[in-house]
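You will see chain A twice below: alongside chain B first, and alongside chain C after that.
Then we have the complex of A and B:
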């Protein structure tokens, strides 16, 4: 306890820190940010490996015939069926094929209640088809799922008829073999993710409000893993692997490795976010390439929306990913469907070897390439540094705030917490000879130590309460607003966009409402330093809590907001105030949404590079994004919108009030 | 008298409880590991009631670990619809009233003691002395924390049976302050009967009563002292024995002893909670188990010895610290125990100015409150995290509490020093200096 008890040393340290804390804060932020991004550099991350030895990837001999005729027959027949009616999926035909193979085949109906009443007044009815191949060597206690969405020929998304043909072909081959230790469920879902969601809900007998599944007619055991196929019929240029699930959850890294390894074995070009690995290791070019890949992944994870049908399996603790076949436009090397079938067979044979659930390897990781990974142990320290930049600000801001300086006559005092990280090392204030330390040091809105002299914290309490109330308003607004729209004849996505804009601009004016009451009497003017500290404290909590759930979201949030929130201050100067308010607006939840939609618009394949297109595309994207956020929330119980309303928005509103106070 | 504010707080708190009982928040909170232990879980109590209705001994299986008398009390309340909720709200209201009385008695006690010891104090320490005004804020703070504090609020909503033993402990405080040996021992016996660990409170309480008998420089190791201790011990034993006897008569067998106290002492259920036992013993090889169980349990009780020596002049602080320390190190702790410890914290508000870690500790409490459910979700539902994540957060919780209680002890010693030597510390050369506790 040398440092803690030697008061002179400590005082010196404190005064040095307090003099330079602003620089230190900047330094920490920059180091954290650079370090985080540098993790994509090959020497700083690690190469993937198999942690679960039971998988034995690629060690079994393929049992598929060397010329897989039936696969092509299925593909041709399906093509013919789909051409008959381009808007419908030949569900009956598919059902019959599975039945003819001798599998237990079922239909599963479900109803979607549309959360925003006016768009489609009637409930949608969907139908999944699934077939169960019973394992000969086990009593249906465990199962694997092979899924593919049912999409009509006229779909704008990737066509999936190739996937269906692969399923049929593999089902035919699988049932001939005696080695299956786990049931294989072939699931064909209607309405993409919604169908999967309904089926999983029915399978696990859970309920949700808007998707109402019928009871399942047949069922198998606990699902160990799922592979979702989005494979077109022909001209497959490469296979893209999609992993990001609901709320930013990721599948076990071993499953991803398995898919990559087996694609490589069959010489199928495999990519991650449509980006193959850089051929040259350890160079500036390759670093840039990996960084962009990693940022793509983080961008997709941060949204909290599932990137494919696999994303909903994660909710039920089922490891899942999507193999997406990407067609090329002009002549290129062509992977026949047969190869995809071999990859899929390999994956299922490996999964069949599993002795226990996936539990080894990593669940928290970032991928800069298909064969490199950044684990939680690597990315947390730089992230911690970024958050610590704000934490340092708290400790020294409190020092200057009136709370502490009330009647101190000599000697600086400080309470420092160096960490929103859990181990808060602390620098204690020391045994002051004058004993003037204030009683109410408590920072939290908890009333654990609320004793007396609460003047400091009490003044900011209304602001915090109001900001949470506004968060609640933003949360309930879409639901309430869409009840009124039928009479206003507006499209639901427009209603929601404008409604949220209205709520947001109402929220913006709250400091005025607060200050008018506060103005005449001196005692209610808020100590902006304290307010900022409370804000930073809330921000730290939010970031920390998010970082364990969805590191990408936490990272983007920290990277964008800490430079602003840490350095705003109360001011009388008009220019400075306006500048600060503008900076705050940019990092407001809505500002970030706009930036995100602009980025999404510029990422689009057919983006022309013109500013007009960017703005127009950005607007469309924003509308769609907000709408999808809400739909995901209602249908799949995604958390992103809830987090925005109850964590990000209130925190930001606290900061929003800071520049309104005079120093 | 700051009575109006106290009444308002009490009313708001009660209203809040009643309103929240109507939502589905209690159902969620009842499944929280941080609040509900295998002993105090309301679901298990209901199982016990159901078993008893079937005329099966609730202690026959490995499900129910509450005491027989409490089971009967709750069962009779549960007969009426909504009766159990009313019971819990009622218990909280009674606890609030008791707390108010405790603060009144404490004020009286502190002023008395101060008047008696004034002669020893340094003339320069005037600003440290109690006045009626400084003491009057205690009652507001205490009731505020009790009625609106998140821990006690959640403990009530989750219907953990800890609130009953907490109530008994509060009664014990009240009667200790009033100097009523018989009732105090009864309350202590009930608390012990409920959760066993309060038995260690006997040490400070016996010392307190001896101090009351012989106010003038009591000698704690003397014949008179032992006579006094024996009396307290005897009264306590009689009460406890009669409680156990009554249980035996009602239950018809001693089976409940194994299911309740045996369960507390041998820690067979290692489902996670905010304590330190579960993780350690899941990792343990079976043949070391007995040894480490003994070590961990002795750890709970052993602190009474050094505290009794160091704080013999201040049995109430001693009682508080032991109470806090039991709530950290007991085998099945929960937020409900923390609630009790935090409610009484404002009693020591005169030493708060010497505390050093308040910001760290309060931050840690908040962090744990937010992160624990998230990490639990990641471990159990999402299965992407594992037990270590949750254990880490329980360790943080323990450290926060240990920091806090160590800080209280330190601050008190420092306060006493200043009382005796004045707040203006100077070297013989008239130079200003500072006091360091090594």
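Then we have the complex of A and C:
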């Protein structure tokens, strides 16, 4: 506590920090970044374990027959039905099968209103099928969901007919057993996630604007967990587990552990993001492998889009994940459908044991492998360091800003400090006398007052306001633009892309519009340090708030933007300004979107490695990405686009104005 | 006996596993809520109902080995219209006036799905369902009968019963016919035969739509998140008449062939931490709602009227009004639950804060601040030098303990001498 009492010591510390804050900032950022990525290294993360003892995974004996004939009968019959019409799903047949099993079977209709009116003028009508297996012992207060999307034989996505056969086979077996303590709901959704969304909306009687569900004819109690199956009929090479939900929400880690444990028990190869665990622990190779797996997960989580039908459940506090069966290309030992049925049975038997909702284990984590995890307690410190790099800049930039200098009585001293640290800017005598100082010196009357007028917080307020207004514009633009599309005869995704590009380029020119007539050339006449401080402050707030919701998005934003935003400064040198502006453009929301699209294009399986393909693929991906961002926002009320428009873009625009100021 | 002590008029206790699904199964003979339900009419002379109730639930929970004593004021309501006392028959009323005559009705309701493990055949027999046939009848009973509802099987095409029933009886209730096959248990067991009633079905069951009863309900939780929620209850009226219902204490009018939706919103609040049960994350049960109404039709209706004790009494029931009380689903609501490991964390954190803050605050508040004359004070380095030279001189001569003591004394006296102006 010597610091509190000893003013001399404190001053010394402040001056040391003030002199070296640039270096300290760089150090913090680098340490934070390296530490964060190093968390994928095995000794730095933890091994997964079961927190919820009630799950008792794999302790019960399977009740499935050793030769599961009915499962294969269902699979064969369904195959025959699906071959009749490759473009349609035999919904009536599936409905009858569930009904014949003696389950309460219902149809649930819903209507999708297209958010962009041009593509399909008529509303789309979908139909879910669901069947409820009533637990004999319970009063329908709790339920589990087994879901699978209805996909026709001609689908380009993973076939799901195996999943439907598994559901039928298990429904038949489940019904015979008296031990169910929770109802089991078998849900077959049309249009993948949209169907699930409509069903969940109807189940909880919530309403959304574009997906309008009919009243649900039957219900059970509070849903405790959901397993989504995307299982093809045959040739299953491995099971891939998908967990990322809407807005980057994740299921409880216990559920993921449960799925992994039961797959292992049935000797089913299990992967996460199509990557199995590295065989060799604690080596450089395994670190690289784990890091790539973790980055894959973060990349998927950062998008805020659900990676499967399970993603819509999370909002309702229903823990959910998808088991995706992946078909092999050729010559590989395959897992029969029966094994998948056994895994699913095991998961449901375990879930049936639950006494309370999932609450024991982590909801915030990153996974470098299927049996290792990085908890929120581990990843927050390095992330905090990265944000601290910007926070340090705030305090010392503010110390040097004219606002602080004028308000404190030690204005002279402050000048001295800032003079010391910004020596580089004092090299040419011509530059020394322009900007605000110039204005204040040339005015004869009360120059201190004049300087104060140029430095208060009020002077940067218009810029902040304008950047938020531009954010609002970007937010509403797609909706307004797509109303004019029919007359322009353009595709909706093109319209949106060009529209957003237009809004963005308009936003880029706002510092010109705001520059004062009196100032020379295209310069702004505000205190750029203050402006940068406000920007950094906003950035820190956005990043920290985002990190507790979607750490992956926060991490990628922090890692890309802090090196630029922390080190830009007002300048008169044209080259320096152009360089700074270029760096800012790279980390702009649109720049990041372009980079993300290029990364996505290069991650594609059939990517050839040629630059031309990369650019072409990247363009297509970007169009799709923006379109999907908006569709997710309209249909599922995803937050990502809203966050981009109201948090990321305004913050970035504040920084955009900084290099336009003279030093 | 607690019966006299608690001055009861009537006591109804039901304990249920599962829930009765009115929509598919029609009405039961006795409707019961999921879980346990206890309802009681006290005699008018009871002054303090709350206290008597507390005594009663404790006594009953002891008698039935169940935790009914948790039925305290928090989970109890005093309904005004939903529950009516059974109409007292003249005999029992007369008896109760002078001695403690008690009418005891016990009923057991069981739903068995015969198709499970039976290759979708609906065949059933007493032995299959209960494990053994009837070998005797209750020695106190004058008559003991088994009724089999044959209404759906009038032509005998669906299933055949064996052995042949004692008699066929037609019930006429509110214009609706019901056909029953009746077995007199005594007739079979008195001659030493076991009665194993069995039904043989012609074909496997075909599932389809079943006709819904006149009035049924569906209740569920709405909304998500831990801030707000709601409960909705659909009350279905499938007959072509207006039916007034009592929904606990609200009185919507059920229009013909309609669905009435009762819904309300609630705010999820934190409880006091002592009010959470051990399995707080399981959620909290909301008791089933009770719907009471008078049906104008007897379709699907098998309950006993208020003034009858046995089925035989309703053989020819010409009444046009049938009192129905049904219970909806009970619900499970999750409330915001604190992390119960939090107290531990808070204690750790609080201790740390106290340890860190207390030390420094204590230091700052109890220290004496002293103004020193800069001219007389030496620098840190000089003082250190002085101390070292002092040690070098003294160290070889005196033992260590004495030396430090003397140094302390010396330095403190020095301070007293030099620091004349003190500020406290």
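Observations on the structure shown:
We adopt the following convention: the second predicted complex is superposed on the first by the 604 of 663 C-alpha atoms of A that agree within 3 Å, B and C clash if a C-alpha of one lies under 4 Å from a C-alpha of the other, contacts with A are read in each partner's own complex, and residues count from 1 in each chain.
In this section, contacts are C-beta pairs under 8 Å (C-beta built on N, C-alpha and C of every residue); 3 or more make two chains touch, one makes a residue touch a chain.
Note that this is a predicted model, so its numbers are computed, not measured.
Between chain B and chain C, B touches the greater number of residues of chain A. In the superposition on chain A, A:317 makes contact with both chain B and chain C.
In the superposed pair of complexes, A:138 makes contact with chain C only, with no contact to chain B.
Once the two complexes are overlaid on the shared chain, A:363 sits against chain B while remaining clear of chain C.
In the superposition on chain A, A:176 makes contact with chain C only, while chain B stays out of contact range.
Once the two complexes are laid over each other on the shared chain, residue contacts for A:544 go to chain B alone; chain C is not touched.
When the two structures are aligned on the shared chain, A:293 is found in touch with neither chain B nor chain C. Look at A:219: by the touch rule set out above, it reaches chain C but stays clear of chain B. After overlaying the two complexes on the shared chain, residue contacts for A:25 are found with neither chain B nor chain C.
Comparing which residues of chain A touch chain B with which touch chain C, the overlap comprises 5, 315, 317, 357, 359. Of all residues in chain A, those touching chain C in their complex are 1, 4-5, 99-100, 102, 104, 134-142, 175-176, 204-206, 218-219, 221-222, 315-317, 355-357, 359. Those residues of chain A whose C-beta lies close enough to touch chain B in the complex are 5, 7, 249-250, 314-315, 317, 357, 359, 363-364, 398, 415, 417, 420, 422-424, 426, 428-439, 441-444, 446-452, 537, 541, 544-545, 548-549. Of all residues in chain C, those touching chain A in their complex are 16-19, 21, 24, 34-35, 113, 115-117, 120, 205, 207-208, 218, 220-226, 230, 232, 263, 279-283, 285, 329-334, 337, 359-360, 363-364. For chain B in complex with chain A, the touching residues are 137, 141, 144-145, 148-150, 342, 345-346, 349, 352-354, 356-360, 362-367, 369-371, 374-375, 378, 381-385, 389, 392-393, 396, 414, 418, 423-425, 432-438.
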